[in-house]
Amino acid sequence: MPGGVVLVDPYPRTLDQIFMPATRARLELLGEVVWHDGPPAPAELIDRHLPDAVAVVGQTPLPRERLDRAPRLRAILNVEGNFLPNVDYDKCFDRGIHVLTTGPVFADAVAELALGLALAAARDIPRADAWMREGTEVLYDEGVNGDAFLLSGGPLGVVGVGAIGRRLSALLRPFGSELLGHDPWLDDAVLCEEGLTPVALDELFSRCHVVFLVAAATVENEGSIGAELLGLLRPGSVVVLASRAAIVDWDALLDAAESGRIRIAIDVFPEEPIPPDARVRSIPNAILSAHRAGNVPEVWPQMGAMVADDLEAILAGGLPFRCQLARRETVRLLRSKPIG
Amino acid sequence: MPGGVVLVDPYPRTLDQIFMPATRARLELLGEVVWHDGPPAPAELIDRHLPDAVAVVGQTPLPRERLDRAPRLRAILNVEGNFLPNVDYDKCFDRGIHVLTTGPVFADAVAELALGLALAAARDIPRADAWMREGTEVLYDEGVNGDAFLLSGGPLGVVGVGAIGRRLSALLRPFGSELLGHDPWLDDAVLCEEGLTPVALDELFSRCHVVFLVAAATVENEGSIGAELLGLLRPGSVVVLASRAAIVDWDALLDAAESGRIRIAIDVFPEEPIPPDARVRSIPNAILSAHRAGNVPEVWPQMGAMVADDLEAILAGGLPFRCQLARRETVRLLRSKPIG
Amino acid sequence: MPGGVVLVDPYPRTLDQIFMPATRARLELLGEVVWHDGPPAPAELIDRHLPDAVAVVGQTPLPRERLDRAPRLRAILNVEGNFLPNVDYDKCFDRGIHVLTTGPVFADAVAELALGLALAAARDIPRADAWMREGTEVLYDEGVNGDAFLLSGGPLGVVGVGAIGRRLSALLRPFGSELLGHDPWLDDAVLCEEGLTPVALDELFSRCHVVFLVAAATVENEGSIGAELLGLLRPGSVVVLASRAAIVDWDALLDAAESGRIRIAIDVFPEEPIPPDARVRSIPNAILSAHRAGNVPEVWPQMGAMVADDLEAILAGGLPFRCQLARRETVRLLRSKPIG
Amino acid sequence: MPGGVVLVDPYPRTLDQIFMPATRARLELLGEVVWHDGPPAPAELIDRHLPDAVAVVGQTPLPRERLDRAPRLRAILNVEGNFLPNVDYDKCFDRGIHVLTTGPVFADAVAELALGLALAAARDIPRADAWMREGTEVLYDEGVNGDAFLLSGGPLGVVGVGAIGRRLSALLRPFGSELLGHDPWLDDAVLCEEGLTPVALDELFSRCHVVFLVAAATVENEGSIGAELLGLLRPGSVVVLASRAAIVDWDALLDAAESGRIRIAIDVFPEEPIPPDARVRSIPNAILSAHRAGNVPEVWPQMGAMVADDLEAILAGGLPFRCQLARRETVRLLRSKPIG
């Protein structure tokens, strides 16, 4: 088995969703590919291939004892947006096994929806459509547009400057407003390079007319966006939540929208599937989207291509550049819930 | 009357809407300002001030005979988005009287809404919100998002490269897609400078996933976007109409949306106020907005400031730079309907 | 003569320099083209064609009496960088004759050289080369580089925001420094659109590490950059002069460089040809270039193409967009010397 | 010793050069700082502090046996542009010790000089200055400028897309030419994100009018830019060498310039100090600069600040973001010579 085994266990994705024929052909050139599909791969299948595995593609559980039985393993690629606690990361770091996620593949899709939600909220697009349907629109009346505002009219804030935050910042730049950024894991100089002025959260919430929440959920930031910060927003501001619900104090966010003081646009929810009687469903001043930001058809084949690109690089002795690399200092702090 | 009279007759705007105290003070420094408000200024008021008028701010009728009685007149500034047939333009050109509109003041607001409508249509934002309200959303299912697409995923087209089209092009640039442009009044080199590839309309409609219609209505382009061009669009494309409805064949546009082949997002209508039983109100695959693109509170004071900027420049012997200047070759071709 | 005559009298350019065969063919489609070459066209030739002339391409003298004999004339295009006093401009404005120069064709070339001169001065490129040739370089010694500085390290100033200034601003933007601009003929909002902070000259000279002088010479700014402004520059600053020498107090500029307080880089001179014993030739802290900024081979054919583009537009009843248009308020203030 | 020891051994830099008082104060807050200056730290000093060292700042030799005596060590920061073979990198990776260089601090300075050299070569700036000094300039004569060209006129190539290559690409973007890039260590998608079209070296040399060589020297690319590639350049092209001389076949490069076919601009040399009789000193069509690209006064204090930023992050349990991180796959391939 000179090339080694690439074990593909893509749940909650499916093979057809992410691996186009051309991508499959590329992977076949790298070794013996074991294509599993459907539910998570059974233990028997995994264990059989561990001794020869050079790469695992998926969320396959890889605790220390399994890693110990995979001496040739060089890469683990989760075909998801986040790192989950399915891998003994420390062991991987010690052995120089790359652990990666395809999270950055969603950056374009999430950033575009986040911007779309912000514009929809700032300009009341869904309600304007409803008015036309009902025949209740009022023409040329500044009054009914009284809470509309321009993204070019003032500071915009980005909380979390990972792949999504960086892409979003690029989309926001031509609006010409000052861009404020906050990311406790990044040096100020990194934010400056993205055109973001690094500020503390309270300054960001006090000054920005739109706040984009695109930070990963971590043990450090759970529920950290609460009533106090939301209370700093000026009336009529918009909060767009497009990464993980865990970073906000959910009821405080809904309270702020319900009070009429702010508008919110939300793509992620603390409980998914969202309970039929969830309070959020009837909150006014809100635009709701059921975790659809990354779920765009053209993204999925790119996910497979990303896997192929990085696997080719790693198995040729080079560095992966397209997926996100787990890093010792931060991976243990992440707290995303699995999807599926 | 050394400074001369500035006659302000801002209908359909009001004084309070566009002239902040600081702007009024700036105008007062330029001469004797006659502040009229409410309905259009009566003939008596206009005629009384013509002999000393150096500037008229508004849509005041200024046929040749009135211009002949205004020997000191140097500028006419319509506080609207378009040039109307209220002025004898040729006479003004012969005499070197600047005729201007504050149209460019709307460029930011219209471009932002046009982008917002495109993202809302491409990602089905209003419908996604409705699903959540009704409890009919489907989570993580690629199927229900099957027609979502990214603006970063392919060519985007801009028809009309005036102030709105240029601003919109700037907002579209970071999406990274090829930008195709069409404007029969502009040299290709001008479009290239804006980052647009100049193409004919049929190429634009054939290739673009989103087509933004932001051209002024002219005698040349009335109804020119019809069934033939719309038929070139690939299924699932989005047409955003954000300038004047007259440039499209209205029924052909609604047919295309009703057939399910394309999605449309519309801010302007052939008849305004829109009749209660207008066909457009029940068209599916459409996002409707009742001529709200430019009507954003923060725009109006900028309109007054724009008037002051250019009037200061003109009366000091310089050139206006903020408003749009009527030009002999094109003003006679424009065909916008008045608002109000 | 239905199409009318296009009289081409391109001195100081030559036909071969600016009109490629394809450009000539385009002009031939517009009417009868009279191609004159070499010295300025003789009066006899001009007078013969005036009655049928629809366009004159060149610096042909066109006083009122000649214009009166050219009833069909619609455009005058000077194939040069500036407007000269060879035309009765007021008569042209009254009659709606477009008067244009191909000046903007030089914008890329001049802006690139201006940036090149700034970097050469900030990093001492010519001297560093000389040291290597002489074997007197000192390696790795911060001392000899003590006056080097980065364009990314502080404000940069642009005086004159015409075609060159705008192009230069675009080239300077990615350096990331604040860009200060000054142009008394433009509204602040225009400078802001170019990414320039509008400031008075004294603030510009006080704050900028590099000052680019790219303003046209006018009756208003002759000698206006003098000892006072130059005295505000901090030591080690660089002044790049790339438009017309008349805007500076020449001896004050040379004094400032000779004193060692500032560095200068100069492409234009008060007297051209430059006298053999001109003081500037031996000034230290200077990089000298003999009016070469616009003189790049690839520019000349573009000049002809620009003429064809705008002439096609004008004769078809449209607007010119590529050349610069003379405007009533400013053309009488310009004071460029002819070249040739 | 709760905080641990930070051993500062900055040779070939000095303490005063890179550590401003504020930076020193920041480091003092991190633990006990041992400030060594002048020549490399003596073995005795190093060995004494190893048991408590949490960070070493400098090129201190750290073979396996020393690392074994430094159980608390978490970071090694070389205050230089490159990774040298002074550290047992594998041991560091196994233990999770970050090894970093301050190389990115030079990116602005090197990119600006590289652009300056390209413009100087494309427009013959040093020679134009010499002509003026000698009184041999020829005014307005296209002939003497016959080989001048614009960077906006055609493809520009960047070989090596590290920190310098990325910064340089940003500076080149507004010129508007296609940017071609080559970097065998990076995925094509990474180059695309920087606005570079990824191509093979032969396409890059065949198409580009200016080729910027800004790649690190590695075991893979030594002498790889030779007669064959240089022979693909079209006549009059410019090659700028601004990273390490080892990547070119030196004599082939000088031959190409001496033949008159291309122009070169060089900041780095195969032997430094450069021998007095080095052939390069008398090569025509060359602009020479004695390894001055990174040596700009304002860079040095930023180097110290970069160390403080990353050390603060690492010792607080976070990730470094400003320095360049050694990575297992590539550090063993680097082959830069030490400076000093």
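Order as written gives the chain letters A, B, C and D; numbering starts at 1 within each chain.
Going forward, a residue touches a chain if its C-beta (ideal position, glycine included) is under 8 Å from a C-beta of that chain, and two chains touch if they have at least 3 such contacts.
Being a predicted model, the structure only gives us computed values, none of them experimental.
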Note, CA centroid farthest from subunit B's centroid sits on chain D
Cα centroid separation, subunit C vs subunit D, in Å, comes to 37
CA centroids of subunit A and subunit C: separation to the nearest Å works out as 50
In subunit A, the residues touching two or more other chains are none
Arrangement of touching chains [line / ring / star / complete / other]
ring
Contacts from subunit A onto subunit D in the complex sit at residues 93-94, 96, 185-190, 309-310, 313, 317-319, 321-322, 327-330
Can you tell me which positions in subunit A touch subunit B when the two form their complex?
12, 17, 108-109, 112-113, 115-117, 119-120, 122-123, 125-126, 128-133, 135, 137-142, 145-146, 148-153, 170-171, 173-175, 272-274, 276, 280-282, 287-292, 295-300, 339-340
